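Structure in structure tokens, see below.
Note that the chains are named A, B, C and D in the order they appear, and that numbering of residues resets to 1 at the start of each chain.
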Amino acid sequence: MPSLNDYLILSAVLFTIGTAGVFVRRNLITILLSVEIMLNAVNLTFVAFGRAFGTVDGQIIVFFVMTVAAAEAAVGLAIVIALFRHRESLNPDAFTALKW
Amino acid sequence: MMLLLIPLFPFLGFLVNACIGKRLSKSAAGSVAVAAMVASFAVALTSVIQLAGLPEESRHITQTVFTWITSGDFTANFTLRVDPLSALMILVITGIGSLIHIYSTSYMHEEPDSEYARYFSYLNLFASFMLVLVLGSNFLVMFVGWEGVGLCSYLLIGFYYTKKSASDAGKKAFIVNRIGDFGFVLGVLMLFVTFGSIEFQEIAAKAATMHPELTFGTLSLATLLLFVGATGKSAQIPLYVWLPDAMEGPTPVSALIHAATMVTAGVYMIGRNAVLFSLAPDTLMIIAVVGAATAFFAGTIGLVQNDIKRVLAYSTVSQLGYMFLAMGVGAYTAGIFHLYTHAFFKALLFLGSGAVIHALAGEQDIRHMGGLKDKLPITYWTFLIGSLAIAGVPGLAGFFSKDEILFKTYEGGHMILWVVGMLTSLMTATYMFRLVFLTFWGERRHAPAGHGHAAHGHGHDDHGHDAHGHGDHLHDAPKPMAFALIALTVGSILAGYIGLPHALGGSNRLEKWLEPSLTAPHVVAAAGEAPAGEPAVAAEAAAEHGEEHGEAVGAGVELGLMGLSSVVALTGIGLAWFFFVSDPKRSESVAQSFSGLRTVLLNKYYVDEAYNAGVVQPIRVTSEQVLWKVVDVAGIDGAVNGTAESVGGLAELLRRVQTGSVRAYAASLLLGAVMVFGYYLWR
Amino acid sequence: MFNAISSNSFFIAQIGIAAVVWFLLQISAAVMVYFERKVCAWLQQRVGPNRVGKAGVLQPIADVVKLLFKEELRPAAADPLLFALAPIISATAAFAAFAVVPFGGYTTLLGLLTEPLPLHVADVNVAVLVVFAITSMGVYGIVLAGWSSNSKYSLLGGLRSSAQMISYELSYGMALAAVLLLGNSMSLRDIVNVQGGDLNVFGLFSIPHFRWFLFFNPLGFLIFFTAGVAETNRAPFDFPEAEQELVAGYHTEYSSMSFGMFFLAEYINMVTVSAVAVDLFLGGWFFPGIPESLGWLVFLVKISVLLFFYLWMRWSLPRYRYDQLMAFGWKVMLPASVLNVIATAAAVLYFGL
Amino acid sequence: MLFYLFGAVAVIASLLVIAQRNPVYSVLLLITSFGALSGLYVLLDAPFAASIQIIVYAGAIMVLFLFVVMLLNAPHEDTDFDERTHPMLRPGPMRFGALLAVALIAELAWALARSSPLTTFTNTPVTSIQALGRTLFTDYAFQFEVTSVLILVAMVGAVVMARREDAPGGKR
């Protein structure tokens, strides 16, 4: 029977993978995917804690996180599409016009 | 409720004329304005009748229109209140106001439509503000009217704004009034601090029950400040200078605002707070002295002025001085009475002079008039009666009121003031009849070519020329003007009889009528009996001591004084006749012999010059050299620009952070997260 | 959440049931193919398959054999892994969905077993959600097939179907929600048991085993069924494979058995949707006057009725236009289903159903 | 041991997601990882969370991703752009970020090491969806409403942004 810490370690690992993904990848869509990974890592901790404390709050927060994730995905992808129309590229470094 | 309608009608008239006046024909605009005034007069009349029906102790009608300001425990309601005093005022304002409106319809007829509408909109606005002033039941509402009439007076004095002198006069009036209003506001604030209220009634009640030692300092100061406001509004020394210049406005305006109504606001205000002032004897003394001084001073100037309207203006100042004298000696009734009669005959005189100017195509210099007696019969007779009234010839309005004042002064024991008053009334008679004789009697003295032209800056030019071309058949006042003149003449003859003194077998009805307004509210006074009844009684005593002494001194003295003053009046007229009719040379010779004094008088004692040198210039110089060139440019602008520039410079540095690379932002975000997290782990 | 396995024989029996279900599903596909043609023929006043075997009953077998012997083609430009994966995904999803669908009461297999055995593969207390989840997984099969085979027609078909399925999943879920309110549970078995109660007709008389949610929530049923049709890409919503426009949509490039799997998946999905519909609305294995022991038969009959509806619709209704489909899905179905949920909730609160 | 199975799947899949050059594969692998996570939720007696994990994430959000990937015909990363990228701009933040990621996991490990290990789950699990729903619509009612508004806003925003100018109808 795995302990709470195991779940936490797992989610820590996942979260870091996501974080690394955000930086390593040069494709906006993949970066968004990495963000989703991070979100899910957090969700895992929530569910695990909820289970540990025997409350439903963990799952409810997961519910909210998912809603937010959906919103984020919708808007993010819309932006990606708009960007892709302007330059035929999805590389975030292609969009550095908004600076000094 | 009806009270609101009284100021509302003129205001509506104002709105109509101000908004769509340009598109209205003259007759339409004029009739709108007149209708508004007449309607308001009707309402005023009905409400006063209703008021008279009420029992003496509760003789007032109050209407709270809306709660205006509420902050903490302080609330100011927009409340209108009619009591005997304000009843008298609204009747005068609406009544004479209507007449003057009617008069104006034909007087201003040469103006282009838009100007015409503008004129009437201003006039209506003035009326409405004036009514608010007298109807307001607390200082705040009164102050609204107070400032409002100031504004209208400014607008109307500068009505011919294309004329430099006119606009200057407007500004002068406005600024001088500001000085007075400043004092007024301070006084109001002080009263509020002292009594925690701005309602006339409450303040009066509280003050009446206050301990004398409490009242001593604060009340004197507060009332004094209020009086400063009054001097501004009612053209007393030292702030009278604006009124003579105000004659730049159209003559009916001078009649309405600068003779009948607005300038008496100060007097009214003092009457309104009679209780307060009675509790501040020092202030009363000052008021009395200032009043008397102004009366005399202005009278002397009036003797030598040559502009028909300026003479009247100075006489107005001096009559106002009379009123303040009355207030000062605690004869509030007398003061208000004089205010009321004066409204009639001074309006009449102004309108008469207006008729003359109208007939002479804008000629205002009496040296170029004369011999109009037969040309302008109506004007002449009405003007004559007005002059008799103001001179104080027995049987006419002025006689009773002026006499009342002098009598009260005398029995108040202020001998010097009484003498000054007498002298002034002598002068009054003199300069008034100088005016009459020079204007209407003798030969027609035409203006030297071009001079007349210069004199009439009014819109009368077009119809000025033909008047000059064949000056023989001048036309007398047209119907509306004639109507107004005659109505006012009747007024000036009869107005006095409501205040017929006991001595002449009349029971001074006016005094009875006004009493409730001038004494502390009975209920509260009664409540105040127990702890500090003494001052309350004192207050009543002070307010009514005229009556008591009336018995004390006795009718004999009063009669004697009347006789004396009538003699004085006749003497004055005689003097005028002696100098200006029987042999005009005499006046010249006298003028020669006292040339120095004459020039001084002609230049109004150089007061304007003194003010200019002592007040205006220093302020101008300091604000130009110091405030503008140093404080504003270096200090304020420097601060503003400095802020802007420093922010800009900082931005120059900070914007380097904006690499525009999403990943960089994310990195910084993560860095922050890592550091915060690390901190919590580490500590 | 899987209910405890009590004894060996019981365990074996369950395995058996799983196997039977799996087999039956396969068969059903074949049967469906046959009936599809037959019904089509009837509706078009033709004879239909009649060569292979008596009245062409063996036709499906022949088809399968044909499919098996065809060559497995793969476009050069296709993405090999996904191209292979896609049909498997859809087939798996199709099969898996049925796993949580109960299709009968308890049986002891005529006394073979000691304790009664529930007739389902797996009882999940959120069965409804699971069904929903798995159907939504089915999308990937089609989308990936469309994308991986790297051909315009396929891609278009894939995109269309993904859009279509996402749009109709919403109404599908909403219809489910209404039923959940009525059944006050997410376990299909509980829901069916509730429907096993008596139907009280206006307090006049009551019919046993007739408390079907169809009567309480007809609109819900309509929506559910329509959405189901769309989910399974059947006419009149068969856009992914609109022959006239896209040759054959997402499986244009597929041949042989991989095509067969799509084929299979489509029919099994139909069965699953019908089964779920029966469980949710048509009182599962209950029917007035028929003992629960014969429940599975009742269930079968009901499913067949629904399946017949599928065929009937396919051969009698013309296909929508794509934009019409979308407009219908978002502007008619979704609002209707939402209103339906609200109305149902209100009714449940008010009448205490 | 199911936990380790699912955990391994999740981690490996996620790693592959970011190691993958082809976004389509990334999406699919992410879906796999989500499947594993939902399995973990099941193990944590959270069937509801598990189901919506599949329905919402795998079933809706990921389809959306896949859809976009296909719509843009997702370019692999070595587009002509990358060659033209400003060298100072490209690798710097990437390396730095990776470094930070390492630091982060180090910190997390540290934190876990310090924390007293909650060995097992002793509390009785709350599996009933009724309880969940009750809490959601009573204690979290306000948050729920806020979220709905958020969704609405996101929807409008997405429609507006993804619409292309020449086609007023807009694209999904």
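Points to keep in mind about this one:
We take it that contacts are C-beta pairs under 8 Å (C-beta built on N, C-alpha and C of every residue); 3 or more make two chains touch, one makes a residue touch a chain.
Computed from a predicted structure; not experimentally measured.
Set side by side, B-D and A-B show the greater C-beta contact count at B-D.
A straight line joining the Cα centres of chain A and chain B is 79 Å long. Look at where the CA atoms of chain A average out and do the same for chain C: the two points lie 34 Å apart.
Mean C-alpha position of chain C lies 29 Å from that of chain D.
Residues of chain D found to touch two or more other chains are 45, 48, 52, 60, 64, 71, 89, 93-94, 96-97, 100-101, 104.
Touching two or more other chains at once are residues 19, 22-23, 93, 96 of chain A.
By the contact rule set out at the top, the touching chain pairs are A-B, A-D, B-D, C-D. Against chain A, in their complex, chain B makes its touches with residues 655-656, 658-663, 666-667, 670. Remark: chain B residues 659, 661, 663-664, 666-667, 670-671, 673-674, 677-678, 681 touch chain D in the complex. The touching residues of chain D, counted against chain A in their complex, run 1, 3-4, 7, 10-11, 14-15, 17-18, 20, 23, 26-27, 30, 33-34, 37, 40-41, 43-46, 48-49, 52-53, 56-57, 60-61, 64-65, 68-69, 71-72, 74-75, 77, 79, 81-82, 85-86, 89-90, 93-94, 96-98, 100-102, 104-105, 108-109, 112, 115, 117-121, 123-126, 131-132, 135-136, 140, 143, 147, 150-151, 153-155, 157-162, 164, 171.
Contact residues on chain A toward chain B in their complex (touch as defined above): 19, 22-23, 92-93, 95-100. Residues 1-10, 12-27, 29-30, 32-34, 36-37, 40, 43-44, 47-48, 50-60, 62-64, 66-75, 77-82, 84-85, 87-91, 93-94, 96 of chain A are the ones touching chain D in the complex.
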